[in-house]
Every structure is written in structure tokens, then in C-alpha cells.
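We call the chains A, B and C, going by the order they appear; numbering starts again at 1 in every chain.
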């Protein structure tokens, strides 16, 4: 029996800062209907469902209770992964690999607009004994990490600002990216500091959204119109302690990428990966993640960015969707948006955002501060 | 879900912490106790473990957002593939399903599964974590608390089949007595039905002694692929079948008298295990018993008793430790305690020891060869089932 | 701070290794061990969405609304924008009666943090008349005398008809609490 697993259906709500007109259930129902239609399957055929959500993002304890209906999954084997979006995809991937499932649905959504003050939620992710009593805005962790990354890699603040400029420009060519804009690096550098050296424009804006995938076994995928193959997947969590982490390096991302490359049989990532959609929750993260994934030598991601090499027409197009900076930050669903956009590229459906020769793509995800959990996915056309 | 899994998976080690009303230890420290013991009994080191699964219930208990990430070092998850699968109270037994998925997929050969709960951090009462399980718009304004859903369901169960509260109280008596032999037990006791019914009515028909306690504790198991299990263990216990099923969230639209989601989960697990006559082929059961009636409810859903007839079977001793089908020989949640996700893993640990003939004073007679563990959760909505056996 | 002795329990039962853990007494827990505290200040404003918004508007107008699926023919409440079984939009709105049948009820004597209640709360699942199959939602029962289990059980039983008691129109806010409670229907023939 063959081992391939493919994404055969993609359904995504257009991310937007507010979504007052629909409940999360209605938003997910719409995305699920689109995913089923895209895959050419009905909800009856789905073997199992994996949802990715977190209690405090929803304001509901045991929030997995509210998952099944809007996915057409009443009385099906449904589970929730309280983790990163890639962990959810990995769970679906493994369910198919066990041999017991042919079609698995993955879902994640975000109603960040329903959280009145996200800072209060984020503060509760900090260790209650060691870190919370400091009463500091949790984004300081990103500020500290950015400082150390710039220091050790020799990356300039201009290079980080250039990531913002590029991704928001990319978003102008993506009809579903709400934050497209022409912003010069000087504008970014002139924006007010959030947690110095991190600036306000270097942080992705929040958005509401929902993404649903249909994953299929190799046999089943061959009967679907446009499969995109998951050739490798990896996910790693590093220590939660602030006091003992590699501030300059995204170790979770390098180990995740190694795991995914090994599975995909990729020996020279910089040569074999054609484009990337990587987490850019904070602009410096894009650079750190590119280096962790061996797509840029240490300290060179910023230089490459300044040279335009990561633009859509560059040597290594990165976040041609606009990334989270251009599409919005959707908590754990951000990873699914990156995968959805990578799948669109591989199918050649990205319109004006389309990359030439998008055959093999890499996705890198991250759960955000204060975690060191992330994942990697290698996708290709065949 | 029709095909057979590709790989066989075995449990090769199990560990527990004490179950306590309030532990001095943090959740991470409790996880470490259980995980290190599971590794030690399996004869493996943390560096041999390729991936880690964590089960733990609402973040509100700890008051920590994304608590899976926060807890991971206590469970040995640092720099490893680590996931937290979450199905409310069903998470404990689900964690073995998660671990099974990791190994059966062929991606990993040796996986650590940890269930942890520290409820005592939630003040003034851990029930506070459950206030927000209800629909935010059409239920929460009514001021519901967790007891309501159990008492409503128990009453529907009783009224549908003419079951008396005396019949249900017997579950508390049996399980608290069984727990007298369990070293982790928090609320073991020798009680009579009269004692149970004399305890306060918290939400009629539920009396205080029909409710499991709030607890702190952890439990862990080590899972291995067949070739590894045969090398490392003389008596691996095989995961023969797994199943889970989640019913609609519109719980007012469901038949509360019968847990059809448990039946779905059981049928999936039995199918995988090749079981066609569960009452003959299953020798021991650890059904989920956070409230006394739930054990009976679940035994019916597991197809181990006729609908509405589990109380009769209980009354005639069928479910005693020396009965035809011993249920909750560990003492269950009613006796050992209910650190939610850890309690589900504890049930799997019990099957592991019972099937290896190592349960000491708790050992059921007759060399049991196959057992089933089950948990339940969410809005009375999920069934998680694992069938373990010696072959 | 006094450190409680570590308890290690051995018994003739597995696991054969001693179990670890340090149980705290009430007294130790309240003041004898170091703790840190945090009061969450989380606030949410949930979007009710298409279906529930309309349901709430109905309540404000003194009506219980449901929706019918054109495929399976079920009429359900609380309303939803899609049929979860047929997975298609559910947009055939119907006005239901404000009478119902008790599916199950409970008599609750404690608050969520287990403080005693002088007057018990009576939560119930009520099946709203006009739904198919008979389905409904969580609400409260009122208009019942006494507070003992015996007194209340004499007045209530599963299968009994009940009727919504509404807030006065000007007090309604478009919320589930626009219905104060359901009360037994007097002199109503048995179902």
C-alpha cells in the first residue's frame, strides 16, 4: 500500500479584521463547504476530523465541544489539537498513514475580534510564578528575541523593515489579503516602538478567519481533481522556559524542518525548495525561520531580503500571499493559511501572486510568544 | 474507517503519581513522577522516546493559556514532536489513541503518553473552570454549572428505564471499596448504599457521594511499535483497537438516556480488534465513572449490558472484582480520584497491570486476556475507547 | 514556610515502585505553602451570527423560533444556519409555540462553588412544541412551591407540559433570559 498523503480540498474564509455578520460556526461551515466542493467529496465520505483550537482564544472551556456540527462530523471520530496548525495537519497525516482513514478533515479558525483585549489572554500564557509577576506586555519576548537575533546574525533593522515592506506589497496582489499596502522601509522604521527594537508595523495585525482542508490517502487522492502532496512534515516543541532558550535561533523550526526534509528526502533544501510560506507573526521571524530551515545561510536572510531575492520575482519567493503581515494573524489558523496559500501556488491558482515554477514549497509555522512550538511542511505537485 | 491498521502497537510501561485533593507539586512535577516511572518500568530512557503526547483538561484549571506548551517539560517533551489532543474529559483515554496514531502511522517507534491534571490551582473551586463550557449566548446567561448536565442526564436515564437511585448508589459503594487496594487512591472507603443516599443532595438526583472528587495527579504509559515492544518487553500489552466519536453540540437535541457516541466509539474499536461478541470476548472493563450513574450508562454504550439493565447486572454482582465482568477494579474515578486526563490514563494503566497479572490485591481472577478502557467528556458528547489485550 | 513531609505509599499492588506525591491538608494549603495568585480579566464579545441573532430577535418579540431542513424535514431549535446532518443551509424559519414538554429536570441545591442555595434552582431540558423530533434546549423551571426534593417532585415530572413565562416586553433584551422560566401548564390534558 502506498504511503502518500495529499491535500485534496482547500476552503478558506477571507481573513478580515472584523466578522460581525457571522458566528464562528457559520464561518467554518462556509469554509468546510468550500473544502468539500474543492475536493469533490461529501461530508458523508469523511472518515475523521481534526480541529485546532484553544480554550482562551474562544472564551470557552473545553472548546472542542463546539467542533462537530459545522464540519458535518456529528458522531464521527473527531478530535481537537490544542496546538499549532501544523500539529493538526500532522495528526490527520498520521491517521491516514495508520491505514484506518482515507479522508480526514483539518480545521482551524480564529475570531480574534471577539477577544476584547488579547493582551490579557497572552499574559496568561506566561509562567504564573516566574514571568507573570513582572507585569510586562508579553510582546517583550519577541523584542528580546529580535534583539538577540540581530546581534548574533548581524542582521540590520532595515532588513527586518524590508520584510514588512515586501509582504504588504505582496498582499496587494492577493485578492484575499486585507492588509495590502505600499509601505517603504523608512515608514516601518519610523513607526513607533512596540518592544524595542520591535516596531508596531513589524507585528502582524489580527484577523478573523477559518481554514478547512481535506486530506486524502494516495489511493483516494488519485481520484480527486487537484491533489497537492505532503512530502514531509515535522513539528517540534522546545523548552517553555524563558530563562533557557536559544534566543537567536528558532531551534523548533530547524528541527521541524530537518524532520520534514528527511521524510521528503530533501538533501539540499536551498536548491530543492522553490518557494516558501513562513511564519512572519513578527517580521524578524521570517528571517529567523528562513535561516532555521536552511534556505538562507546564517545571517544572510536579511541580506537576501534587502537584495529583493525573496520577492515574488526573486530567487527564493517568500510569503507571496502577503504572509501574516499582509493577510493577518489568525492564531493557530495562521499555519493553515500559509499551507493553503502554498497549495494554491503549487496548483497554479494564485493569479497575480503566482510564482513561476512553484513545484516544491516549504511552510514553517510557529505558535507565537511565549511558546517555542512550530512545524514544517514540504508540499509538492507530484 | 474500514481498513485495518498497518502496524501493531503495545503498551510496555506504566506509571502513576499519588492522586490527591491538593498536591504540593506543580503539574509539571506530577507529570515528571508519572512519566519517569513509566519510562523506568518500560526500561527505556527519555532520550529513546521519539515523540510525546500530553493529555490535560481545561486551561482554566491552571489559569495558563496554551497550557500544553507550558507543561511540556514535565512530560519530557522538550525538543521533541509534542502534541496535546483534547476531547475534554475523554482526553485521558484519548491520549492512548493519540499515541497509538503516532506509532501505528510508522512515523515513530517509541512514544511517551502523559496525562496530567492539577485542579486545585483553580480557586475558589475547580468547578469554576466549567462555568464557560456552556454556549456563550443561549446557555451561560442562565447561570448553569457542571452538576446540572450530570443531574439532568442521570434523571433522564432513570426516568427512561425506571431506575432507582439505590441502584446507582451501588456504583459508589463498589468503586470506593475496590479503591481500598489501590496505592494512588484518594477517596477509597467502605460504605453502604445507605451512606451514599444519606449524603447531601447536591443536585437531585445526584448525591455528594455519587460524585468523584476533584484531584491533582498524573499518569503515564510508554507505547512501542511491535518490533521494539518484542525486544524491550517480556509481556507487552497490545492496543488491539481504538475508537472515538463526538456527538452534536446541540445537547438539548439528543437522547440523554443513551450514550450513542460511546456505542459508535466502541463499535469502531471492537471492529479493529476483531471483536464480534463483546460480552464474551472482553474480560475486564474500566468504564468512565466521574459520576456513579455514568459507569452504568457507559457499560450500556459499550454493549456490555442491555439498555437500562446495567443496574440489574450490578445488583447481582456481575461487575464485582470476582464477578463475570469486573468493572473498575482499580476503584475508578469514584475511588481512586479524578484528576481528569490523568484518571483516563490511570484506567489504561490498570488494564496494563491486570492483563499482565500484576495487579496484586486488585488482581481479578481467571487470567484476563482482553480489556476495554473508556472515557467520556465534553457536553456529554464524546466517547473514547481503547481495547487492550495480551495477544 | 513549613514543608510538608513527602508521602510515599507502598501497598501490595502495582506499580511496584513507590508512588510519589505530597498531599496537602486544608491548613497547609491555606497559608502554609507558598502560592502565587492571578485573577483573570478576560473579556469576550461573541458574534452571535446569522441564526442565533434572529433567534434572539424572536425572543425579544416574545417568540420562540426554529428552522426546518428542506432535506431531512427536521424542525429544530435553537436555530442554526445549516443542518448539521445534511450539511446544507437551513433557512426555512418557523415560529414555534411557547409551550414545551419536560425532557428531564434537576433540583440543584448548590452554587458552582458548592455553596448551599436556600431556594434550589430547577434546570431542565424542555422540548419545544412543534419541533421534530421533539427537541429543545436548557432552561429553568419556575412557578413551583416548596424547596424540598419531595415537595418539588410532587409538582414536576418528566413528560409534563410547561409554558414559557416571559419578561414584560419593555424589559426584554434579545436574550435567552427574556424567558424567565417555564412553568407547569395547569389543567392541561396529559401527553
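One rule holds for everything that comes next: a residue touches a chain if its C-beta (ideal position, glycine included) is under 8 Å from a C-beta of that chain, and two chains touch if they have at least 3 such contacts.
Only a predicted model underlies this, so the values are computations on that prediction, with no experimental measurement involved.
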Selected pair, greater C-beta contact count between A-B and A-C: A-B
Most distant chain from subunit C by Cα centroid: A
Closest chain to the centre of mass proxy, which here is the mean CA position: B
Inter-chain centre distance, subunit B versus subunit C - centres from mean C-alpha coordinates, in Å: 25
Computed distance of Cα centres, subunit C from subunit A, in Å: 37
Cα-centroid distance, subunit A relative to subunit B, in whole angstrom: 34
Residues of subunit B engaged with two or more neighbouring chains: 63, 130-131, 136, 248, 250
Junction residues of subunit A, two or more chains touched: 56, 59, 68-69, 74, 121, 124, 128
Overlap residues in subunit C, where contacts from two or more other chains coincide: 38, 40, 44, 46, 48, 52, 80, 84
Subunit B - residues contacting subunit C, complex: 14-25, 30, 33, 37, 40-41, 63, 120, 123-125, 127-128, 130-131, 134, 136-139, 141-148, 151-153, 155-156, 159, 181-184, 200-206, 216-217, 248, 250, 252-253, 256, 349, 353, 358-362
Interface residues, subunit C side, partner subunit B - complex: 3-4, 7, 9-17, 19-24, 28-29, 33, 37-38, 40, 44, 46, 48, 52, 55-56, 76, 78, 80, 84, 103-114, 121, 123-126, 135-140, 149, 153, 157-158, 175-177
Residues on subunit A engaged by subunit C in the complex (per definition of touch): 19-26, 29, 32-33, 36, 42-43, 56, 59, 68-70, 72, 74, 111, 113-117, 120-121, 124, 128-129, 132-133
Of all residues in subunit B, those that touch subunit A in their complex: 1-7, 57-60, 62-66, 68-73, 77-88, 94, 97-98, 100-102, 104-107, 129-133, 135-136, 243-250, 260-261, 264-265, 268, 272, 377-379, 381-382
Complex interface listing, subunit A residues touching subunit B: 1, 3, 47-48, 54-56, 59-62, 64-69, 73-83, 87, 90-91, 93-95, 97-102, 121-122, 124-125, 127-128, 234-241, 251-252, 255, 259, 367, 371-373
